[in-house]
Every structure is written in C-alpha cells, then in structure tokens.
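This report concerns only the one structure given below.
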Amino acid sequence: MVKKFDQLAIKNLDDFVYGTCPNPVTTKSGMVIGGGIVYPEINFTLPGMDVDDETLPKAVGIYTDIIDGVLKRAAELYSPGVLVEFELLPEFTHFPKYGIEVNRVLLNGMKEAAEKYGLKSALRTTPNDLREFDRPPIMRSGQYWETMLELYEQCAKDGSDFFSIESTGGKEVHDDALVKADIRLAIFALGILGCNDMEFLWKHLVELAEANNCFAAGDSACGYANTAMVLAEKGFIPHVFAAVIRVTAVPRALVAFEQGAVGPSKDCAYEGPYIKAITGCPISMEGKSAAGAHLSPVGNISAALADTWSNESIQQVRLLSDMAPIVAIEQLSYDVRLMNAATKNGQQLMFRDLLVQSDSALDVQAYVLRPDVVLRISAELVKEQNHFLKTRLAAKLTVAELKKAIVEGKVKSDKRDMKWLDKMEKQIDSIPDDPDEFYSQMKSVLNMDKFIPSEYGL
Amino acid sequence: MATLQEVSQCVLEGDLDNVKVLVQALIDEGTEPIVIINEGLIAGMNIVAPLFKSGEMFVPEVMESADTMNEGMKLVKPLIMDGDIPSKGKMIIGTVNGDLHDIGKNLLIMMVESRGYTVIDLGVDVKEEDFSAAIKKHNPDIVGMSSMLTTTMMKMESTIAQIKKDGLRDKIKIIIGGAPVTQEFANDIGADGYSMDASTAVELCDRMMSSPEELSA
Amino acid sequence: MVKKFDQLAIKNLDDFVYGTCPNPVTTKSGMVIGGGIVYPEINFTLPGMDVDDETLPKAVGIYTDIIDGVLKRAAELYSPGVLVEFELLPEFTHFPKYGIEVNRVLLNGMKEAAEKYGLKSALRTTPNDLREFDRPPIMRSGQYWETMLELYEQCAKDGSDFFSIESTGGKEVHDDALVKADIRLAIFALGILGCNDMEFLWKHLVELAEANNCFAAGDSACGYANTAMVLAEKGFIPHVFAAVIRVTAVPRALVAFEQGAVGPSKDCAYEGPYIKAITGCPISMEGKSAAGAHLSPVGNISAALADTWSNESIQQVRLLSDMAPIVAIEQLSYDVRLMNAATKNGQQLMFRDLLVQSDSALDVQAYVLRPDVVLRISAELVKEQNHFLKTRLAAKLTVAELKKAIVEGKVKSDKRDMKWLDKMEKQIDSIPDDPDEFYSQMKSVLNMDKFIPSEYGL
Amino acid sequence: MATLQEVSQCVLEGDLDNVKVLVQALIDEGTEPIVIINEGLIAGMNIVAPLFKSGEMFVPEVMESADTMNEGMKLVKPLIMDGDIPSKGKMIIGTVNGDLHDIGKNLLIMMVESRGYTVIDLGVDVKEEDFSAAIKKHNPDIVGMSSMLTTTMMKMESTIAQIKKDGLRDKIKIIIGGAPVTQEFANDIGADGYSMDASTAVELCDRMMSSPEELSA
C-alpha cells in the first residue's frame, strides 16, 4: 500500500513550472489542480473574539460574511475557481460540532456562489492538531485523537474536497533545536519523531479520506520550518539555519504522500517544490500576498512552482476598501491572472524564471527554492528510502549547496553564514548511520520529560 | 593573572571551558565574589544584550553566553549570602488557556533570565485559575502572558479578570505579548505593558520594575 | 512660461514601458524616478482616532512607528529606494503645525534609515484641499487657501522632495454628474471648472516649489474618476461610464504639467499613462497592492507603465504578521522586484504586455489603460490645445474606442454597455464648440447654489 | 384605458412623459388617488428597489424612476389630504464635523427618498451642535451620519454624546455609514444601525422604523 518514490516524477527543468504537474487532482466541482492553470487559495480567520456556545452564532455569522464576500469578489474578477481553506482554530476542533457547523456554512456559501455566479470552488478542511494539548503529547490514542478523526469524517461526509493538517509530531523537541540552532536535534525531531508520526497519522487520514469520497492533500512543517523562517526574519537565528531546516523538513512531508496523500500540499509547506519534483503531485504555495500572515524572504520565488496560490491567513477586519479577506482574494486573483496569462502565451517558463531571479540571489531561503536546486537535491533524496537517513541527507546536501552558492557569489550572505554552515556540516557528519545508535547518543541531550518515546514507536 | 574583563569576554563568546578557569583564578586571587558577578559575569551579559537587539548576535549565541555566565555563577554563588545575589525581580509566565504556542514564551524566558530575573514557567494552555494560584504561590513582581491566536488572546482579558477577582491585581505588573496582540489591546484589557517580541521584553521588564508607583494603576 | 504639449513625448509603443521615461526626476537622495527602475511608493494613515492638541503626541508617535517600521523592512528586502507619500488628513492641513510636525517626523525617519541602512528615500507631501470646506467653495483666496500655501512652503523648506494634491475644483458639480451618469455635466465640471482651477492652483504650486528647492509632482482626479471607478465596482453606475470619465479627466491632469509640474504624477491618478505619453514625465500608479485602499478592475495593467508603484493608503492596524503598512511595503517591494528583474533581463516589454493582457480584455476600465490605446488617444489629444475642447475630445475618442473594442470582442462588456455608450455619444455630440455657449446651455441644468462662477474665472 | 400596471411600468422605465398622461387618465376615470399612489407609483418603485440591489439597475436609472414617480405624485397629491400621503418616516442626515465627503450620503438620500421617506440633508462638515439643533427643529425618526476618514469617524461618537447631552437620544434612531465604519464600531459608539452602502440603507431604515420598541435602547 505504501508508495515508494525512488525516482523523480519531474526530471526535466523545463517540465517543472507553476500550474502543471504529472498527477493533477480534480475537485468535486471540476477544478483540475495542476492541470494547467493556477487557482487562488483563500484562507481567513476570526477577528479577536472568544469562541464558546454563546458567541458561536456570531462566529458563524462572520464566517458566512467572509465566504459570501470572498466568492462574490472572486466571481467579479472572473476567477477560474477558488480553493477555500478552512483552517480550524483549536476551539473548533476541540468542539467538533463548532468546526462541523462552520465547515457546512462554507460549503453552503460555495454552493450558493456556484448557483449565483457559476463560480467553481473546492474546500480544504484543516483541523488543528489537538494532540499536543497533552504535555508530553499523546499521539496515537485518547480523546484528542478520537476527536480529530470524528471531525475529519463528518466534514468529508458533508462535502469537503481535501484533508490537511499542520501536524506536530516531534515539535516538542524541534522547538529546542530551533532556539539552539542545533541541527542534530532538528534531524532527530524531523527525521525520527516527525517521520514516525507522519506514518501513523497519514495512514489513518488517507483511509478516512478514501472511505468518504475525499482527498488526503498534505501536511505542513509550519511549526518547524516556518517558525525557523520567522525567527530568522526577526534576526533571532541565522538565515542559513532556517534554509537548511526547510529542506531537512522535506522527507517528513514526503511521508504523507508515501501513505497516499495526493495534494495539493498545504500552502505554508514551502517543502512543496521538493514534493512536486519527487511525487508529481500538485502543490499549494504562498508568498508576497500572504504577507498579512507572515513576512518572508521568498515573496516571488514561492510562486514559481505553485499550483494553488494562497494568502495563508487573514483576520476578518475592516480595511479602507473592504474586509481584509476580500482584499486578499483580490490580490491573489490578480497574481494568478498574471501567471496564467503567461501560460496562455506559452511564456510560463520565462515567467517562472523571473519569479526565481527576482528573489533567489537575495536570501539563502529563497535560494533553496530555485527549481534547479530543488531538482538537484531531490534527485539525490529519492535514492535513499530510510526516512532518518533521507532527513540527514537533505540537511547535508543543503549545507553543501549553500556553501557552494556563497563561495560562487550566487546568493547574498551574512558574514557569519559560513561559520554556521561549517558548524552544521560538522554536526551532521557526526550523526551515525544507525537510527538506534543516534537515538541513544541523543538521549543524553534530550529532555525526556518533553516527549514519550512509545508515542513515536520508539 | 585573570581579569574581570577576560571573564566578560568569556561570557560574550560563550566560552564555557575558560570561564570556569578564569572565575576560579579570580576567586583564588581574592577578588570579591560580588565584584566577579557584577563586573565580570553580568558585565558580559550587558555587552550581549545590545548586540542581540541590534541583530549582531543570534539567540543560540545569547543562550551560550547565558550558559557561560551561569557556569561562572555556580562557582561564585556558594561564596556569598543568598540575599546578596543580585536579582532584578521575579516573574511568572505562561501561554494562556487554549493556546499551545510556546516558542516565543521560551525565548522571552531565556532573554529575561539571562538578564538577572528569576522566571517561573507555567507552560502552555494555562487556565485563568492557574495564573492566580501561581501568583499566590510564587509572589512574583511581574506576570507575563503569551497568546498567538485571535481567539485565545481574549483569554488574557479573562485571566486579568480572575486575578482581580482574587484580589491579586495590585501586587503585580502584567505584561502581554504574541502575534495578534497590540499596545492598544494591552491598554483595553488593563495590562501594564506590551512587548512585540523577546528582544524588547527585557527593557519592558526593566521599565516595569523601575516604576513601582504605577503598580496601583 | 506655460508649456505646450503639441506632440507626444513617447511616440513608439516600444518606448512606452514601466520604469523609464524621457524626463526622469532625481530626488534629493539620488533616486532617479523614471530612470530605469520602478520604486515602491508607500502610503499610510492613522487608525480610527481623534486628532487634536491632546492626541497629537499619540499621532506623532504612530507616524514615527510607521516610518521606522516601513523603512526597516524596505532595507531588509534590499529595496533600491522608497518614495514615501504623506497624504494629510484634513486636520493636519487645517492646523499646519500638525502637518508640519508629522512631515518632519517622516523626514527624520528617512534620514535615520539612510544612516542606518544606507536606504535612499524621498518624500511626497500631499496636503488636503481645504478649499471645499466652504460651500460653495472659495477657490482663490481666503483662510483655507492661505493655510495650504503656508503648509506647502514650510514642508518644502524642511526637505520634502515633492508637492502633490488631490485638488477639487469642479468636484461640487462633478458629483452630480456621476450619480446621474451625465457626461455633459462631467465634461463641464472637468473641462471648464476643473481645468480653470488647475491652471490657477498649479501656477502657484510650481512657483512655490521652485522657490523652495522642491518639485511640483502632479495632481489626481481621485474625487472624480476614482469615485467613478468605486461606484462602478459597486454596480451603481456603468463600467463604461467610469472608463470614459477616466480619460475625460486627462486634460485636467495635464494642466498641472503645462504649468510646470514634473512628476511623478500622483499614485491614484490613473490618468498617468496618458500624462506619461504626452509629457514624458514619470508617473506613479497603484493596482492590486493597493487593494487595501480600494478594489479595482485594473490590478495588473496599472503597473504596465508605472515609474513608482504605490499602495494608495493603509491604516496603522495590526495584521497577523505585523502592522499593515509593513505588510504593504513588503508586497510593493516584491512587485517592483519582479518588474525590475524583467528589465534587467531586457524583458520589460514582454512583462509589460503580460500585465496588460492579464486585465485588458476583462473590463473596459482596464482596456482604456492599454498602452496602445493610450498612445492612440493621446496622439489626438495633443492636436487640441483648448482645455474644454480637449476634454470633450477625450470623451468622444474613448466612447469610439470602446464601441469598436466591444464590437470586435476585444473586451468583456455588460449587455447594457452599448446602450450607455450610444447615450454618451449623443450627449457629447450635442456639446457646442464654444465654451461660452456651452456654459449658457448648462446654466439651465446647473445648480447655481453649488459653485461660484467667479472662483473659476467665469 | 390606462391601468395601474402601466403606471408602475412607466416608473420602472423612467418614462417621464407617459407617466403624466397615464396618471391623468386614471384620475379622469375615477380611480382613487391613494390607489394610484400605492398600487401604481409606489408599486413601480417596489420593483425598482430589488433590481438595484441585485445590480440590474444603475443609480441614474433609479433616479429617473424616482423622478417619474414624483412627476406622477405631483398630479395626485393635490387631490388627497396631506395626512393621507404615505410617508414611511422622517430622516435627517449629514456628513460629520471635519469631513467633506458627500457622494455616499447623497446616494443614500436619493435611495431613501425614492422609497417614501422624507429626508432633510444637513450637508457636509456638520458640527455636533448642528445635529442636535436639527433634531430639535425637524423632529426626525432617524438620524444618519456619514464619514469617510479614520479620524472623522470619531466625530460620530462625539455627535452621539452631544445628542445625549441635549436629552434627545431617546427620541431617535441613529444610523451610521462610510468607508472606515463597521458594525462593531456602530455597536461601540452606541449607534442603532450600520449600513455598508446606499443599496442596503433602505432596508436598514425599514428595520429601524419597524421596531420602535428598540428606540429606548
């Protein structure tokens, strides 16, 4: 049942571009994601408010206003279709009836927009990963786990197109790795804890999706690699460390696809380009038009390979023109119009290269998203099937790729970057081949109060 | 002969091995322990802080400096009386009810501790009552609350209400932070201070401690 | 002294592109606007608050935070330079000491950013047109007029680079023309009242600028043509009417340049492309990344000829990532990076055409911004020097251009559009050549309580 | 023979010339004036309103319909007693102190008038006291305030304070609108209603008039 990706799905740089992939996915409304055009993917969240039984009607009203406003504007701008993501706040997963109700409100708004404007849309439902509410987290059983499955199942039955999640296996260890900029610890967290949890989690999500006429879409290393990016933007950790973490998170993301996920991968998963190269599945990406959710050094290059283009998240607050989610769909719509106009002219590769060129020399985190770099590293990763070793390899290859790029002057670097790359290289090389041996080495530095080995099959 | 300046330099560089040698040498040479602390170890951290704020040092480097300072402290502390160890104040901190984000909070703890505060970490998803209970138990000067979600930020308000209800509001200063939080929100819910991120939190704590007359506000 | 534009400054479509113009302008900091690259132009405003003596320190603090945050982020994103616009709220013009203080705060923040990051920047000061506080408006004398001049002079002495304004001569009549979709009335308001006032106003502003080491940059028909666009987006008036108003506003905008303005024209003046073709001066434009200030059907095409690229306005409110003006500078920076990357590759015409193609067939308001349409209409406009006749001609040519485009299927149109174009054509053709005769015809429909003829030299 | 339906159709089409002929014919045939108003003229506007809301009619077309209705009214009104002419309510409206934007306000007036309300326009830059004075003078059911700027929107709050101070708050319903205004802001400052734009304002006014018990809120 488990898929094995031992060669690249996309081998040629000229086949590696936004809007198109070898394995497109067709939504219930007939949108073909990865079939030639890029679709906007809209995300939104509540303004500052309490959520409880008393305020739920207000929250539901807000979600109704959002979906109606957003789809109306998308139709006015002749959008070819809209992927809607409902990323649940913890309260909405904790009390599945809340989440289910809002999910239905969105589906209903989508149905109305189809009738009124003929607008195609699809829904991605992304519950909160509740399991870390236990500290240390209980990953494989218990009330939190059951609640998540219950929510997924009902939302699929109600009509959602896609399941996603920002799962958190190993994050309790990875947080420490980030603030210490400790690549060994990060590889342990992502390559052993993270991958093991993804195997367990996505096996269940794929089964549940398949049983309920829904697609398992993909995960995001948001709490790992995007936290690294945000910390790097604040100047808290080196940009090169965040860049290496980005690629080191790829084998973890890939596990969902080995288990049967089909994409589009999650918007904030900048691992996406690697996933697309390896699996041929469509990916969601976000960049400059997600700046309301987080700043980044990859505002343009992130679009180069996107199949859906997302704003990540925005509160329902009033801007001078209109509500912020309406502003977001307008910006996304114009972005994808431009990309699709280039495709229509047969200029998609040229436009991809402009997106790449405009960012890739200015930040190492942009550099590792270059399509050629992605293909080069991915070609090596598919040769290794062991998750842990693949994770170590991803880190090693990225360090080497960045050292070369800096030496050759291909990317701007901080004067301290080379020191950090050397330090990471030494740490990576000190990691043994045997995961058990690595685990026993790590035990001395791990805070064993923070995680339960058996929850990760250890 | 070891100098206080060399100790500071060790702290700045995060030189864990050397700091022990140097501090021991100073002790052996008869330097007052309190002088080693103030003019050697803490003086080192006083160089680190602005370098971090200006972006010239990274968090892991600051952590190494803090570890180095603590390593030196271990040698000096037994030699002086408890009351003489400079502490800038005591803080309890937690991520509010329903919220699991802790990396920002952990960074703040690290920064504030390294600057001489005593910090008690209540963890994440901390219920309103638990904040109150911790105030009673630890008697802090400052209570810090963190939230990363637009919904859980409202729990800061209910936590302050709980603290008031338990008659503890006047004893403490409350500071808040996190992605959706603003100075205006802090004013609205009656917090005493707001910090954008870990790099400005120390200054905020210093400001809180230096104006105790505002405590009754 | 008055410049005469009797031939096109840009005759060839291949010379008509963003970032470059025949007459670039160099700021005090050395930014060359129109000299090859597009710069971001950032705008911002206060959140909901009172402004008075008591709250002024708070307002000043907010502006300080904005300028520091925006320029820091621009530097982090390696912006080649930033044009800052300070568009004054009425309170800040009414009490010039308020406006002057904030203007200084901004100049100071810019100076600090130059020292700290080596970032180039320039300031455009745009007071509020106070004159319409009198109803009917007193345009040529009085306290309001004096106050505006006082403010301009001091801001120039303090170091502003550019003067702009959204002047309002004739708006008291044009408002009626808009809600009635009455093109005759609009031509009277723009071509007679508007142009007459522009002549008076910009003569003074150019003199004041030249005497104080500052540039007169340009005006915007914001209260005329952008109001039309917003009304059309709401479905209140026909899109074709708004499109015709856009071009009908060009002769009015041109008057500032006849009087000696040198650009960059104002961001919300979508008349810009015509101004650039006719005068060769640089222009500021705004589109999708100004969606927080107003939605529009010209999100991409508006960038095709831009020399600075603006967000129009955004309140200092918190979004999930950071304050909204910081989000805005991030989005603008990535937009111009992409445009400038294309220029660097010699692909600027291709990129311009993508921007154009992506919008121009979807809305008549986008269609009239097509570079080829702009050149074609502008080439006729320069043959007519009388402001009133030029305004009538602009309307006539636009109606003809749109009818042809609709018939040829080059632009999407509403089933009611042709009826409205016919109606406008008939109205325009009924306008006599003699302005005095037109004025006496109009007297019967004009509400003479609304404006004072002598304030417009009538 | 003219029919009431033809009158409605005239109003819908903005047919100024024909409406006079048809209304006069109905009068001559002995149709009750109040029936001509309700089932002919106003019935026409009742078709117009939803077409405007759904985007099928433009503002200038609605204005022509309203003009047509008024033209018909001119013939019928002299035939009935003043008290019998249906008026849905009286409204005063203005753009607040310091703000000059009036196009949104004017559109709203046009829409609301065409639906049977009596509207008094106070203009732009209306001071707090002047709103109060106008309430005393005109005794309206509804007071509308418009603002397009983040700073002048605060004048809505001070205007409401002035109205309260003058003891007039309980006599009226207050509705607000304009670009920076939200429902939440309306709640915050104690307005009774909020309208996004002119096309929804009529419904809001109808809602205000139909629940007079809320007047004391």
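The letters A, B, C and D name the chains in turn, as written, and every chain counts its residues from 1.
By our rule, a residue touches a chain if its C-beta (ideal position, glycine included) is under 8 Å from a C-beta of that chain, and two chains touch if they have at least 3 such contacts.
Remember, predicted model here, so these are calculated numbers, not experimental data.
Each step here moves to a touching chain, and the least such steps from chain A to chain D number 1. Two chain pairs are in question, B-C and C-D; the one with more C-beta pairs in contact is C-D.
Inter-chain spacing, taken between the CA centroids of chain A and chain C, is 40 Å. Averaged C-alpha coordinates give centres for chain B and chain C that are 51 Å from one another.
Averaging C-alpha coordinates per chain places the centre of chain C 34 Å away from that of chain D.
Chain B and chain D have Cα centroids separated by 60 Å. For chain B, the set of residues touching two or more other chains reads 150, 180.
Residue positions of chain A touching 2 or more other chains: 45, 315, 320-321. If each chain is drawn as a node and touching chains are joined, the picture fits none of the line, ring, star or complete shapes. All chain pairs in contact, by the document's touch criterion: A-B, A-C, A-D, B-C, C-D.
Against chain A, in their complex, chain C makes its touches with residues 45, 73, 76-78, 233, 287-289, 291-295, 297, 299-300, 313-315, 317, 319-322, 324, 326-327, 330-331, 333-335, 337-338, 340-342, 344-345, 347, 350-351, 354-355, 357-359, 362, 412.
Across the complex, chain B is touched by residues 318, 320-321 of chain C. Chain D contributes residues 55, 58-60, 63, 98-100, 102-103, 106-107, 110, 123-125, 149-154, 158, 180, 185, 197-199 to its touches with chain C in the complex. For chain C in complex with chain D, the touching residues are 45-51, 89-91, 94, 132-133, 135, 175, 178-182, 227, 231, 234-238, 315, 416.
Partner chain A is touched in their complex by these residues of chain D: 150, 179-180, 182.
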